[in-house]
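Order as written gives the chain letters A, B, C and D; numbering starts at 1 within each chain.
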Amino acid sequence: MCNRELRDRYLAIRQFSETLLGPLQPEDCVVQSMPDVSPTRWHLAHTTWFFETFILKRYLSGYSPVDPSYEYLFNSYYNTVGEQFPRSRRGLLSRPTVREVCDYRQAVDERVVRLLDDPPQEIAEAAGVLEVGLHHEQQHQELMLTDIKHVFSCNPQNPAYRRGKPPHADSAPQLRFQRYDEGLQQIGHAGQGFAFDNELPKHRVFLESYQLADRLVTCGEFLEFIDDGGYKRPELWLSAGWAEVQSQGWQAPLYWQRQEGDWHQFTLNGLRPVVAAEPVCHVSYFEADAYARWAGVRLPTEAEWEITAVGEQIEGNFVESEALHPRPAGEDSGIRQLYGDVWEWTSSPYTAYPGYAATEGALGEYNGKFMCNQLVLRGGSCATSQSHIRPTYRNFFPPEARWQFTGIRLAK
Amino acid sequence: MCNRELRDRYLAIRQFSETLLGPLQPEDCVVQSMPDVSPTRWHLAHTTWFFETFILKRYLSGYSPVDPSYEYLFNSYYNTVGEQFPRSRRGLLSRPTVREVCDYRQAVDERVVRLLDDPPQEIAEAAGVLEVGLHHEQQHQELMLTDIKHVFSCNPQNPAYRRGKPPHADSAPQLRFQRYDEGLQQIGHAGQGFAFDNELPKHRVFLESYQLADRLVTCGEFLEFIDDGGYKRPELWLSAGWAEVQSQGWQAPLYWQRQEGDWHQFTLNGLRPVVAAEPVCHVSYFEADAYARWAGVRLPTEAEWEITAVGEQIEGNFVESEALHPRPAGEDSGIRQLYGDVWEWTSSPYTAYPGYAATEGALGEYNGKFMCNQLVLRGGSCATSQSHIRPTYRNFFPPEARWQFTGIRLAK
Amino acid sequence: MCNRELRDRYLAIRQFSETLLGPLQPEDCVVQSMPDVSPTRWHLAHTTWFFETFILKRYLSGYSPVDPSYEYLFNSYYNTVGEQFPRSRRGLLSRPTVREVCDYRQAVDERVVRLLDDPPQEIAEAAGVLEVGLHHEQQHQELMLTDIKHVFSCNPQNPAYRRGKPPHADSAPQLRFQRYDEGLQQIGHAGQGFAFDNELPKHRVFLESYQLADRLVTCGEFLEFIDDGGYKRPELWLSAGWAEVQSQGWQAPLYWQRQEGDWHQFTLNGLRPVVAAEPVCHVSYFEADAYARWAGVRLPTEAEWEITAVGEQIEGNFVESEALHPRPAGEDSGIRQLYGDVWEWTSSPYTAYPGYAATEGALGEYNGKFMCNQLVLRGGSCATSQSHIRPTYRNFFPPEARWQFTGIRLAK
Amino acid sequence: MCNRELRDRYLAIRQFSETLLGPLQPEDCVVQSMPDVSPTRWHLAHTTWFFETFILKRYLSGYSPVDPSYEYLFNSYYNTVGEQFPRSRRGLLSRPTVREVCDYRQAVDERVVRLLDDPPQEIAEAAGVLEVGLHHEQQHQELMLTDIKHVFSCNPQNPAYRRGKPPHADSAPQLRFQRYDEGLQQIGHAGQGFAFDNELPKHRVFLESYQLADRLVTCGEFLEFIDDGGYKRPELWLSAGWAEVQSQGWQAPLYWQRQEGDWHQFTLNGLRPVVAAEPVCHVSYFEADAYARWAGVRLPTEAEWEITAVGEQIEGNFVESEALHPRPAGEDSGIRQLYGDVWEWTSSPYTAYPGYAATEGALGEYNGKFMCNQLVLRGGSCATSQSHIRPTYRNFFPPEARWQFTGIRLAK
């Protein structure tokens, strides 16, 4: 990619963050509704800090920071860079304001563009880091949406991020399992193109024959699980999952609530009825696993998912479509809804691939140090950018997490 | 007070809340930095809810609420009125925005003025409730300041509410104890004038002879306590106080921090050096009690304070002076700094006076139900309005509270 | 008291602790069922530590401790003596065993007797401390019973400390209020006889006229409160009490449980039906206060209680009677059940009397440092020793405590 | 195995539990020093409950339970059987006493023997369940030791379970890595012999070539890690591990403490100096992983371990040797210390093997429901019975667990 293309791509992705900011009031950008959630202002500033820290400070000679306190305030978890303002206290900060954060963004963007227009010797290295920064920004764009959804859901007024129509679908097509043969396969990233270090190296795995559902589990199907006492039967749950059901009082996916007997769900478009044909969303790994056990099947491994997905078209309901909701499965045959609706829980704990080596330096903290007590999710959601996704992409969350757009694909 | 006077007073006090809002950004008005703190927006809306609930809904015929959801969102603790949005979650709400809250204020104010201009039959009763509402608003004006101070103190950037100069004072006058004789005395409110129900009835108490310090304890004196190991010597502390020192890691008053060997304190004017001659502020009852024990004396009872204060002029460094900081004692003789610098911890637990009866109805929840595990404070602080204070006024906080403008007067 | 009398009294009181140990198995003596509860072994050792620390180490020349580790293990809260093994971890210790603790007791007792038989010069001082130690032992005898009751109550097998018959009483006599005139009175201890420092000095208080109930509130009366929704009506409760009701799920006094529609209570004799005529027991201050408010009256102050009780006979259902349960009121007229049934909550926060001075030295930590967030109780319970009680005695517990034998007398 | 052999084996294993009880006092058998620990009495009763519930109630016609309350009290986590007394409250029970539990054991043993002497029709099925019960008892024998070690470690008196001499070893042999080639391998249990359901089925895995250390990491080597700031360098730790280091204040393996500058460790023989040549023990997965990263290598996968171990002799320092401590590596060449010293952390999350199916019925809750947020450990420790171990055995604990005999073998 030439510098000009890189600059345009940089500006476009940076601009998209501010597009997402559009519908929000300054007050909305302050709240941290739980420790996992970060305020919108923080996302906007942290992604900027990323470019300032890893690009400008390294490659722009004589660079002087926009505000020295930002190094501490907007460092997320890079111990190599320095101390961090505690994550759980991000919601206690009202300054810098939204406007000041936007000024920070502009100041950094100007300097990055200047750097690209007048590239230093290490431009190849810098371009690689910049690419990481852009994927990082896209990850935080998704988090801006999932986090503001959680924030708004705490308000009994049910504020909407945006007004839109719910998708219509009378029914989902019959679920079918596609069969795949056993064999020694290869998964992981190789070749050109961007990938995070956790997708490397490409390596051999032996897979028994397996079957994969041709679409996602729907809300209607999940309602059957609820109505069959799914949340009251410990035999369906992992032990840690059952503990969570009881301590948290789970009775349905996150954002579902009964109103006068009918199930509604809170969405970025406000509160609206649950639509049976839509993919179920905002379920934890525990719920996905319990559902699969109830259905007499199981969740796929990440290798099964990747081998299946590798030839398929990466298209779907990505965030650029402005739908911000997983779409019901269409009538086409084949494996559907692999990309762009919900992140699909796999049964694979998030671990290092054989031969994995973390990136050198601070960016080595990006992925590797989280390889514990998390599960891999695949596919990308309706809040993900299309240019951010690929078949080898490994997302990961702890088994109790529900505030991401996470759903269920079955295997057996 | 005639209706016109009441209207003017109403508008003036209501306006002062918005004056206090002046220096803040919308983002500042969202944060709840600990459960005791409420966001600025909440204070502005809750005081408005008070007039809407107890005046407009009762006395304005055909009144229709500005927004039905506000009844739940902005009810603080009146079970008689209905359910309340949980106090500890006030910081999770970003809506209504500051602007929407100001619109709410204006809508209610217009209707209250209309009511006063065209008074109903029960105007005498309504005027009494309105008077409670105005004192209530003044209490929340003080809380707006103490709460935003706490919010700003959580930000490593040390934002200032307002820029101002620290008071100058080379030294405090020598502390002297004034002596008062034993005798059967009367305390509590009687006669015209406003008072909360907890100041009633006037009643007899027998006091042994006592001595009261003629000024407040200074920062310089408190530094001697610190330097003498005050925070490390359990024998100086109540058992519960010592537990708090250890679990919270107290080493100085709230908002004090060492910078390169010198003590600084965070104020509404930003961070600045501790001034030896100023009254010590932001100490808990536990610290006040430990200081007194270290000094070989004790704290006064509320009866001792009231008997002493009853004839003194109510003047001082009240919030209208815009100082927002307790002033050093002047050189005049007599009992100084009784009013308008810091709330003075007394050794009296907050209990009902003999013959106390809570107000009928929802307003009976205002004071009486908090008569447990709190101590009485007297005098009013530099964040209090002068028209809000009187000798019989009983403020109360739990012994560990430090975020109010609280200080120490000694007795023996 | 001559040394011989003192020796006999010492041995009798020490022996009574071991009498109370009688019905227990070694396993019973280990458990700490909540932080407030101490294991039986700990009580037996701590009271012994008291004599070793404050008598033997001070007055027996050349004394060498039985086991040096006991100084740390069995110090309760005397910072002046040294560090303490953390209170909340007492239940983690299995050693020293019951037998070893009894050996410790015997070793200390032998030396104390030797000291009394061959008294040192400071015998008068030592006798005073010994007297404190004996009252201290009697306090812990009561705690042994209240604590093992709590321990056993956690076991679904409902073990009994002792088998006994419940008291029979068809009904309680009609409750009547006795009237007392206003006046300047005196309360507090003076003269010979033993008293703790917190009962000093005798001092004047002015009392308005008051009325005191001639008997305790019964279980039958308290059931009416429950049946009238007492635990579901926030307007009856102090704010902190209502928070406790909700967070703890209180629906009845501690140890009450419904079995097939009927209320039972767990007692030291095992589980048995609630008897309507018995005094209600194991209620917190919050419940006592809410009951009084429901009944349209109030709780007495400690001064009202003491003035009333001072001339009455100190007799009742004390622990030596082996009843271990409050007795129903008899048919005699006058003020009944003042002593020996339940500790009676007063509305008086536990504070220093005017002129109070804590004992010098470590024993000054006995009472004074707890004067915060506690309420005074009067009268002594069926688990108290008769020789331990007097009209000026001030017991104190936090308002949420329920595991003591605490009940309700009304006033107005 | 014929019934007589089975009976003898049953009696021998059951007897061994009581042998382990030998050195303990009744008081020792009550304490639960943390939620993971169970009181000795509970282990003795629960293993008996297992035989009563799954053998006697099913296969002994007309069986009447020894005590109906035990079904609830001693059910660990079998929801299929019924409700369970809460795990975290096991230490609140003092009854049944040790003696009563031993009576319970005897009563059940007599009936099991009677059943085996007069076998029912379903004897083959019953024998299978009995075999599970015996391995279950052996697991709890190990837990009795690890749990009492933790209990004793909470006592500042450092009680010893048994007095014994520490092993002598001047130095450990040079650590060497053995190399193994890549290839498609098989792991998991097949054929006769006992195995838990989680070892099934035998299945293919592809392994890259790997190297495995020929002995365990020693205390001396681990001290180098400590001295090199291992516990202070976040870059060495998984993110969740670093959080644990900070919140728990870890500075060394569990049970290590400095005394006058020298490292000591608390053992079942009491407190004694750390011996450099011994395998390091009582480290969490987080510490094992951080150590490996510091050493520039990694932990093995469970497949690597099993492929390596499958041909090796199962002999070592098992509990029957009475050493109760991992032994230093000997001078023989080859892979050493695979069995019977410490459980070896692998990097493999505990998940289902491909094709795994949980046992039908309540025993299906034995293993499968714990397949979340745990890591596999291999090899067996000095507290394990030799007859309990085999190459395919999969032990599992959460990554923060340290109270088991867990250590480190390196791979690369």
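Brief remarks follow.
Keep in mind that, in the parts below, a contact is a pair of C-beta atoms (placed from the backbone, for glycine too) under 8 Å apart; a residue touches a chain by one contact, two chains touch by 3 or more.
Keep in mind that this is a model prediction, so the values were computed, not measured.
To find the repeat of A-B among A-D, B-C or C-D, check which pair has over half of the same contact pairs by residue number; it is C-D.
Among the remaining chains, B is positioned farthest from subunit D, on the basis of C-alpha centroids. Note on chain placement: the centre of subunit A and the centre of subunit C lie 59 Å apart, centres being C-alpha means. Remark: subunit B and subunit C have CA centroids separated by 38 Å (rounded to whole angstrom).
Between the CA-based centres of subunit C and subunit D the separation comes to 46 Å, rounded to the whole angstrom.
If each chain is drawn as a node and touching chains are joined, the picture is one closed loop, every chain linked to exactly two others. Across the interface of their complex, subunit A is touched by residues 77, 79-80, 184, 203-206, 208, 234-235, 237-242, 285-286, 347-349, 351-352, 354-355, 365, 369-373, 399 of subunit D. Of all the residues in subunit A, the ones that touch subunit B in their complex are 25-31, 33, 41, 69, 72-73, 85, 89, 91-98, 151-152, 154-157, 159.
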